[in-house]
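Note that chain A is present in both complexes that follow, paired respectively with chain B and with chain C.
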Partner chain A sequence: MSAEFYFGVEVFLNGLMAGVMYSLVALGFVLIFKASGIFNYAQGVMALFAALTLVGFQNGQIPFAHLINAIFGTELHHFGWHMPAFLAIVCTLLVMIAFAYIVEFLILKHLVNQEPIILFMATIGLAYFMEGFGDLMWGSDIKKLDVGIPQGGNFWLEENTAFLGGDNFYGFYLDNLDIVAAILAVFLVSGLVAFSQYTKTGRALRAVADDHQAALSVGISLRTIWVIVWSIAGFVALIAGIMWGTKSGVQFSLSLIALKALPVLMLGGFTSIPGAIIGGLLIGVGEKMFEFLIGAPYLGGATENWFAYMLALLFLVFRPQGLFGEKIIERV
Partner chain B sequence: MIQAEMAEMADAGYTTADGRKIGGIVMEMKNITLRFGGVVAIKDISFDIREGEIRAIIGPNGAGKSSMLNVINGFYHPQEGDIFFHGKKRRSLKPYQIAEQGTARTFQNIALFKGMSTLDNIMTGRITHMKTNLLDQMLWWRSAEAEEVANREVVERIIDFLEIQAIRKTPVGRLPYGLQKRVELGRALAAEPKLLLLDEPMAGMNVEEKEDMSRFILDVNDEFGTTIALIEHDMGVVMDIADRVVVMDYGKKIGDGTPSEVRANQAVIDAYLGVAHD
Partner chain C sequence: MLYRESGDFKTSYAKDQQTFPIAFDRAGYFATLAFAVLVVPFLINDYWANAVILPFLIYAIAAIGLNILTGFCGQVSLGSGGFMAVGAYAAYKLMTSFPDMSMIFVILLSGGVTALVGILFGLPSLRIKGFYLAVATLAAQFFLVWLFNKVPWFYNYSATGMINAPERSVFGQAITGAEASPVTSYLFCLGFAFILAWVARNLTRGVNGRKWMAIRDMDIAAEIIGVNPLKTKLTAFAISSFYVGVAGALLFTVYLGSVEVGEAFGVGKSFLILFMIIIGGLGSIFGSFAGAAFMVLLPVLLKNIMVGQFGWATDLAAHFEFIIVGGLIIVFLILEPHGIAQLWRITKEKLRLWPFPH
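What follows is the complex of A and B.
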């Protein structure tokens, strides 16, 4: 086999890894969309907010320090302690659960039975509010996130695959972070699927997704379910925030990864958890391979920016329900 | 208060023609009025439901029957009137709280969880009986597992009872209409309700399916002693299975009594057959 072939394989593997990262974000969307029919525009900002909060806890930042300083003329910024990563993650999770309660109490409760577009608009408002709130609470500077996940190329893999492609090939390069992300994603998805299949609350989640009135009539409280769903989505946002934050720093642009999740959802379908994963992988692999095989040699490169959206557009035309979404059949 | 309870105990029901013992009053509706804006759906209606009886609500289309069921079930809250449950005045509750009190229902246009299997649908009916908390379920601790198994057994018994073993794993969206109705009944039964509300359980069924459904309703009432309130259009069915019948027309009550009493009631005959206006 030529070195060229192995480069292709490497691109493929890296595509898979990039896809996992997209899937992590898409997963949060699917969870909320399934249970409440809301397309949660704020999912990306939730990931940003979770990452900001995590860094804040770890470094012992004082929340709203700038605001307090501005009002009282003080010079506060840090508590002066460093929280261990695990404890910080638990605290952040608690914050995300509190956030779910607040969203339900302040927004969702008042918008029951409203049109989807109204709920969508509400989440846009929520997204921008949270963005500002996150800045106000933790400051707007770019932060480094390190919870002990290994980063950089995996030497073991590189050394043990170097013999494959002759002199010009130095072995497959895969980032450790991406490998960790992939493993986490596998656990996360199997956990979520098992939870929704085999537990009372999981069944209640699916029931609410299917029919609100029927769910109420068997004794399911919609509000409780919504808090649970938003908490789980918050948890997924935290994982996505950790992975993306570790990769590229915690900064505003993190909230824009939500946009990359959109084509993933078009492919996988808005209502399928496995679909979100496979959609993410397809997009990741597709854009990397397209760039490698067609984009770079013939189109002048930089096709990664638009490939995913083009693919989504094709899907919208030929298979609007996505690969795994439920086909909508209206009986006439 | 105690006197009122004593009075109720003294009023200990009646025995039906086929020898079933009917108990005291489970639910009493007093002067219920329900309005949607200017439209009056229910006008000053009072009636009661006794323990162990099959109580039918009948009436022409738009008479307010389904609204009545929705009031009992908590989907609608009447502007006037009180509801007494086991002699106690019921405050304004959410539907899921009423479900927790032991009221289950089916819907006129089947409201099943279409993407879920028959088994899962009926399992959702057990939710009010499952008490483990979220953390136990997430970690799948023994309590959660034991609870799941115990409730699964109850559900399997209901599946046997309704003779739907063959479709246990089928997503209900794919089932024919008659079977969907049966699964919906199963889901309601799974809650082991004290009061079972059935909104047109036989609508759109053929004769054979109607006979099956009638048999199931009678069996439920007989074997579990479940109190049943049902809405039905098919007069033949109502006359066969109901112990007492409330007749509604234009949101008002125009008759109340045993099937034979109701059948002889002139107002009821007029409502169903029409009256000549000079």
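What follows is the complex of A and C.
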């Protein structure tokens, strides 16, 4: 086997890992879409906001310090403590739950029974709001996020695969962070599936997903369910935020991962949790392989920006509901 | 009392079918037009032209374009930024390849090129609907921006990768480049905005507009009563892209002068134009203007208040801008999903009775 082939395999593996990262974001979309039929564009910004809050708690930043300083002319910036990672994560989770409640109370409640596209646009508005709000609360500078997840190449794997190739092959390079993300994703998905299959709340969630009115008529409170779903989505956003934040720093561009997750959803189907995972893996592998085989040598590189969309677009033309989505039935 | 339709008798079919059947509306329309042509050119200066009026006119054209597609035909598009980039790069290529071509033709041809691209990206709309389509149009956005970044032919192999508008004039008056005066640029843009708005208004009143609205309200039912969805959706995509392309070309040639594609025509621009039509009013030409004015004026106003009055840092003001824009979108969707245009309609209803309440 030539070294070229092993490079290909390495790109493939890295694509799988990137795919897991996309899936983490896509999961949050699927959860909310299943339970309330809302396509939540703000999911990426939620991840950013969660990561910002986490860093803020860890470093003991004072919220709205810039604003307070600008109004009162004070010089506040830090409380002067350092919170342990675990405690900070719990606190952030509480903030995300509060956020879910506020969103339900201020927005969703008023938009019941509106068309999906109106709700979609409302979440775009929410995304803008959150973006400004998060920056205002914690400042817009690039922050480093460290909750103790190992980073850098995995030497064990590298050393034990080096024998495969020739002289200029040094073993497969995989980032530890990606491996952790993959393991986390497995736990997250099995946890979510178990939750929706075996708990009473989970059953209520599925009932709401199937039919709002029927669920209401058997005594399920839609509003409670929405708060729960948005909280879970907030939790998923937090995990995605931690992973992406550790990988590339907590900054504005983190919110753009939502745009990366959209083609994943289109490919996997909006209503399927396994679809989000498999779609993510397909997109991750697809765009890395395309870049490696065609993009970089022939097209000038950076094809990753649009390849996923084109793939999803072509795919949708033949199967509009995605791989695992429910069949779309339209009636006049 | 002020706004009334009584006593305004129509004696011919032509009068009954005119665009503004109510005398008050007609008077307001002509007054606005007269103000724009006769008064504004004498008041305009560099600051007003560049900060408010030129972007307002240009974005209004783009908003009308997107409104045709989204407000009238119901196909949500997040690719307007990419289509504006097509217009801008088409204008650049035409200006540099044919230096003698009149700017008016350059702009119109750029719109035409964009219309072709729009048809291409509109094809999937036959299979994909609703927000699936919205996401699919993002493919156009990212692909087009990448294309203009990566293929040197589009920016004439310049070292920076940016495109600069060469100096051109219309009727002996400089339109682009450093020589252009605010008055001529303003009149140039105003001409386009007026004619395109006039055309759009009449298109949406006619058979095409009704087909679009039928598709928007329920595409399957429309198909059953004999509206061809292929033709209807593609005409909407073509005409909408034409408008957006013209706006992109104007933005590049007259307003910005030099453009870096990712910065000027990124996905943020697509959202900006979408916000304009949501806030202004979906399915309304007046709403496109109102939304464009709102979204152009708001940042200027906020900046003046927060930076100028309170002396805050600009980044703080920028954060507030995000919060206010996002909040307003939500508030509008909850309280008045039909935007400023609907508010204006309600105001007119109130004006019929005012000042006598009964």
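What we mean here is this: the second predicted complex is superposed on the first by the 327 of 332 C-alpha atoms of A that agree within 3 Å, B and C clash if a C-alpha of one lies under 4 Å from a C-alpha of the other, contacts with A are read in each partner's own complex, and residues count from 1 in each chain.
As a working rule, a contact is a pair of C-beta atoms (placed from the backbone, for glycine too) under 8 Å apart; a residue touches a chain by one contact, two chains touch by 3 or more.
None of these values were measured; they are calculated from a predicted model.
Touch criterion not met for A:I97: it reaches neither chain B nor chain C. In the superposed model, A:G300 makes contact with chain C only, not with chain B.
Within the superposed three-chain model, A:I228 lies in touch with chain B and out of touch with chain C [touch as defined at top].
In the superposed pair of complexes, A:Y309 makes contact with chain C only, with no contact to chain B. Comparing chain C and chain B on the residues of chain A they touch gives the larger count to C. Looking at the shared chain after the overlay, A:P320 reaches chain C, while chain B stays out of its contact range. Shared contact residues on chain A (touching chain B in one structure, chain C in the other): none found. Interface residues of chain A, counted against chain B in their complex, comprise 194-195, 198-204, 206-207, 209-211, 213-222, 228, 326.
The touching residues of chain C, when paired with chain A in their complex, are 76, 124, 127-132, 134-136, 138-139, 142-143, 145-146, 149-151, 218, 220-221, 224, 267, 271, 274, 278, 310, 312-313, 315-316, 318-330, 333-334, 337. By the touch rule above, chain B contacts chain A in their complex via residues 73, 75, 94-96, 99-100, 104-105, 107, 111-116, 120, 123-128, 130, 132, 134, 137-138, 140, 144, 147-148, 187, 191. Across the complex, chain C is touched by residues 39, 66-67, 70, 106-107, 110-111, 114, 116-118, 120-122, 124-133, 135-136, 140, 259, 262-263, 265-266, 299-303, 305-306, 309-310, 312-313, 316-317, 320, 330-332 of chain A.
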